[in-house]
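After this come two complexes, each holding chain A, first together with chain B and then together with chain C.
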Partner chain A sequence: MTITSFSFAGYVLLVLALYYALPRRPQNILLLVASYTFYLTWSWWYALVLAILTLANFALAGRIRAGGTPRRAALWAGVGINLAALAVFKYEDFFVPDLLARLDTWGVESGAGGLSVLLPVGMSFYIVAVISYLIDVYRKQVAPATDLVDFALYMAYFPKLLSGPIERARDFLPRLAAPRVVDNDQLARSFTLIVLGAVRKLVLADTLTLMLPRGVFANPDQFGAPQLIGYLLIYALALYNDFAGYTNIVRGVSGLFGIELAANFATPYFSRNLTEFWNRWHITLSHWLRDYIYFPTSRALLRRNPSRTNVPNLLLPPMLTMLASGLWHGPGWSMLLWGALHGVYLVGERLLALWRPAGPPQHQPRWRQTLAMLFVVTLVVLAWVPFRTPDVPRALEYWQGMLDFSDLRRPTVRVFVVILPALWLDWVQYRRGDELVFLRWPRLAQAALLALAILALFLTSQVDTGAPFVYQGF
Partner chain B sequence: MDRTEVKDKIRTFVLNELIRNPGYGLGDDEPMITGGLIDSFSLAYFGVYVEETFDIYIPDTDLTVANLDTLNQMVDRVMQDAS
Partner chain C sequence: MTLRRLWRDYRPRTLKLTPPAGYTLVLAAAFVAIYVLLIEAVLRVPAVQSRLPAPSVRNQHVDFEIKLQRLREMGSVDCVFLGTSIVDRGLSPADFEQAYQAAAGQPITCFNFGVDGAGEYTGVLLAQYVTRVVQPRLLVFGVSPRLGNDGDGGSLAALPWLKYQQGQFSLHGWLAEHSRLYGYSRPLVNAFFNTLSGDRRAYLDRMILANGFYPTDERITFPIPSGDRGRLERSNYAISEAWLSRLDEMLAFHRPPQTRVVIVEMPVHPVALEGRADRQSDYADSMAAIGARTEAKGVPFFTTNHLEALVADENWADFNHLNATGARVISRWLGERVGEAVEEGAFGALAD
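Coming up: the complex of A and B.
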């Protein structure tokens, strides 16, 4: 059951009807049952893996809390079990063939191919969430959940199960216990998020994806530079609207149950530096990486040598953080290359900052801010090449092709019919610093925009792309 | 150590090490991170500085923009553990 299907809409309405017919305590039980039922529509196997990991982590958190037991050993066991599960399901294609080939060269008979197991959808998201929970319990930043239903719901809550947002237990668990107010304002916010998300995904992202010719990232040598540049820009916008659209929809749906989910995007392509970009793009993952990889690495290095100019202090934290981000996104050298590129960008930014006094970017002249945004977008878009191509040689070929202007074919200008509204949507949100700026518009303007959105959704619904959410693949 | 002394020390550290502009007129409640003056990654430096200067450990998960955006918030966080 996909998030944008009519069956999902019907399912949400059914769960809502039951939810509001129940008193408070059974509501969480209902949400848990609904979450597992939803997951079962994908695969019973996924649900089984989730249930096992839920029970294991619940028990381990209790061990970490318990006094007199080896807390650190329980933490490492928990982190190890979760990472091992991710390694088995997500990365076996990455390391198993290499390992088997190496065993063969050493004369060890492996007698097997890959493990051929299917990655449970959403696993990358709930694994990092639960690792942060175990670490926070160890650091006594959060009390371990004593209610298995609430904890299982933290792991499985269906609006965020497939692709996040990656919620921290210390934020999410109190929301499960807090009073849930769904008044007219909340309904308006939820409805607006759902419509915005549907427009971003179905009207913008899916239409832009349709405009990408088959094989452009697999066979870039068959395209000229104007095409490769144009299609890369289209991909950058499609990817953003796809994931931002998903997040809007699930936050809107969750709001209908009176449970807030964290925002994941804040007009990232209007960032004036790379650090700002990572505070605006996939925010919950960026902050997770910052809190559990960047800060500990950085602090450990600074304790050894507090100098800002010390080379390991400058290089290691951003590189390790972004390589981990690449690895999280998928197994393969091209994802590692994407992460390494962003690591290099961040190192470059820190090197520049060493001899340039800091200052608020918004105090700079408008033209400098605009130039900085264009520069950041260029770097980010160039880095999407290895993110999308199947391997590193194809990424290099793509970049090379972007410099070859012997073939001057270009993408159709019809693409602007979609690109301009996509940019306008972000511009309006960025200018007001409010993703729900439309709620402050006059009623007539709101009604006109809603009518336009419904018309666009209707028109695009005639073309079934069947395109899944990109981040569901991670 | 009283609040004024803590604030002076933190102000000097922020201006010299994070903003790298000792002459900047930093307001006590001026948002430094959301205002774009420093980035949130600088909070790692702040965390280590507080450890070494005041012998106070701030957990990584507390090094957040919400907790430490202004000079006064930084001072509050140190005073919270110092008291």
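Coming up: the complex of A and C.
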């Protein structure tokens, strides 16, 4: 059951009807049952893996709380189990064939093939969430859950199960314990998020994806520079609207249950530096990486050498963080290259800040802010090449092709019919610093825009596409 | 007391809406209605329609949608050819009309409504539609017992629009018939975004003539490609009772003087009759069975596999389909036979 399907809408309405009729405590049980039922529509196998990991982490968090020396061992055991599960399901294709080949070269009989297991949808998201929970319990930043239902719901809550947002237990568990109210304002906010999400995903992302010719990232040598540049920009917008659209929808759906989910995007292509970009793009993952990789690495290095100009202090935290980000997005050298590239960008930014310290970007003159935005967008868009190409040689070929202007064919100008509304949507949100800016409009203007959105959704539902959410693949 | 306390502690209290809730939604619905009415009005302007692709009735048969538009554009039609792709590509209305006029001494207007995959069952449904909408004097069913019975007709027969034409109401059926926005949105959006089906629609739009004929200049190749060879080997000429009952439904349209029916056997390449020993005998039995049924209803049945002019490979796109050259040969031959029948008085006049 995909979240843009009518069956999902019907399912949500059914669960809501039951939910509103129940007091708070049974509501969580209902949500847990609904979450597992939803996951079962994907695969019973996925639900089983989730249930086992939920029980294991619940028990381990209890051990971490228990005190004494086993606390650290229990933490490492917990982190190890979760990473091992991720390694088995997500990365076996990446390292097992290499490992088997190496064993063969050493004369060790390894048999043929890998493990051929299927990554449960959403696993990458709930694994990092639960790792943060174990670490927070260890750091005593959150009390371990004593209620298995609430904890299981934290892991499995169906609006965020497939692709996040990656919620922290310290934020999410109190929301599950608190009374929930869905009043007119909450309903309006949730509905607006759902409509915005549907427009971003179905009207903008899917149609932009349709305009990408097949094979542009697999065979870039068949396209000229203007095409490669144009298609890369289209991909950048499509990817953003796809994931931001998904997040909006699930946040809106969750809002109908009176449970807020964290925002994941804040007009990222208007960022004025790379650090700001990572505070606006996939925010819950970026902050997770910051809190559990970047800060601990920085602190550990600063303890050894407190100088900010010390080379390892400058290089290692951003590089390690972004390489981990690349690895999280998928097994493969091209994802690592994408991560490394962003690591290099961040290192460059830090070096620049040491050489010529600059104030907060919002205090810069407007022209400088605009130039900085263009510069950041250029760097980010260039980095999407290895993110999308199947391997590193193809990424290099793509970049090389972007410099070859012997073929001057360009993408169709029709693409602006989609690009302009996409940019307008972000611009309106960015200018007011409010993703729900439309709720401040006069009621008549809101209604006129909503009607346009409904018509646009109808029209694009006529396109022969059924593109899944990009981040569902991670 | 206890119940009251229970209710106080546990009553549902999540949803707390206060009036006026949903006012914006009501306004938005009004805006949607205004937009839709405006768009419907614009899409009904003939000058606009002439620039648009064929409207969709929401199925996978793009060729069917194009033919439906062609048929509507023609308006008045004296005879309609019905059947599968073997009719679609195998009968040329222009050649039929020419030969018919030469033989009968009067003009006639024909339309090819053969559609890929529209077997006997679907052919009957389409015949019901055309007799109601364009009221042709002549229905020509191109059949081939080798194709067997198409059961419930597959996706085309299940189309809500076609069911709506049979009197079964559905929202999709109603919208496909009456809403221009519904009809034009899919082809317009697909054409705009250059999707695969948009490309295919544009290609077929160029290929299918105003009279519904889809001429192909393909030529049969030997050895026969593996896919076709498999189908050829599975060919079965034994006729079933189910197929014959479909034939009866076709013959039921024969209600002179309003509507007359002609059944024509669509030929196959000689290679399709070779091979297994039972093929020839099954084929002969099938032809005899069809002949008996048609004769009993007074419907002319034309067999075509004896036509020497069709034997040459240059007439065939593959073992199953005639190309434009073969279509010209059989259409002229058929037009002449039907024209002679009219001239001899076996048929009444087929055109006003």
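Going forward, the second predicted complex is superposed on the first by the 471 of 474 C-alpha atoms of A that agree within 3 Å, B and C clash if a C-alpha of one lies under 4 Å from a C-alpha of the other, contacts with A are read in each partner's own complex, and residues count from 1 in each chain.
Operating definition for what follows: a residue touches a chain if its C-beta (ideal position, glycine included) is under 8 Å from a C-beta of that chain, and two chains touch if they have at least 3 such contacts.
Only a predicted model underlies this, so the values are computations on that prediction, with no experimental measurement involved.
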Practice item. Evaluate whether chain B and chain C can sit on chain A together after superposition, giving fit or clash. Key: fit
**Study point:** Which of chain B and chain C A:L450 touches, first, second, both or neither
**Key:** second
Review point. Angle chain B-chain A-chain C between C-alpha centres, in steps of 10 degrees?
Key: 160
Check your understanding: Touching A:Y294 in the superposition: chain B (first), chain C (second), both, neither?
Key -> first
Point to revise | First, second, both or neither for A:T309, with chain B first and chain C second | key: neither
Review point. Should A:N279 be classified as contacting the first partner (chain B), the second (chain C), both, or neither?
Key: first
Exercise for review: Tell me which partner A:Q400 touches in the superposition: chain B (first), chain C (second), both or neither.
Suggested key: neither
Exercise for review: For A:S7, decide between first (touching chain B), second (touching chain C), both and neither.
Suggested key: neither
Exercise for review: Using the touch definition from the top, say if A:Q362 reaches chain B (first), chain C (second), both or neither.
Suggested key: first
Review point. More chain A residues touched by chain B or by chain C?
Key: C
Review point. Now for A:T146: first (chain B), second (chain C), both, or neither, which partner does it touch?
Key: neither
Check your understanding: Between chain B (first) and chain C (second), which, if any, makes contact with A:P317: first, second, both or neither?
Key -> first
Revision key, fill the gap. Across the superposed arrangement, the tightest C-alpha approach of chain B to chain C, in Å, is 29
Exercise for review: Starting from the residues of chain A touching chain B, keep only those that also touch chain C in the other complex, and list them.
Suggested key: none
**Study point:** Residues of chain B that touch chain A when the two form their complex
**Key:** 17-21, 24, 35-41, 43-45, 47-49, 51-52, 59-63
Review point. Chain A touches which residues of chain C in the complex?
Key: 9-18, 21, 23-25, 27-32, 34-36, 185-186, 189-190, 192-197
Point to revise | Contact set on chain A toward chain C in their complex | key: 19-25, 27, 179-184, 187-188, 207, 210-211, 257-258, 412, 414, 417, 443-444, 446-448, 450-452, 454-455, 458-460, 462-465
Point to revise | For the chain A and chain B complex, residues of the former touching the latter | key: 136, 139, 141, 168, 170, 272-273, 275-276, 279, 290-292, 294-296, 298-299, 302-303, 306, 308, 317, 353, 356-362
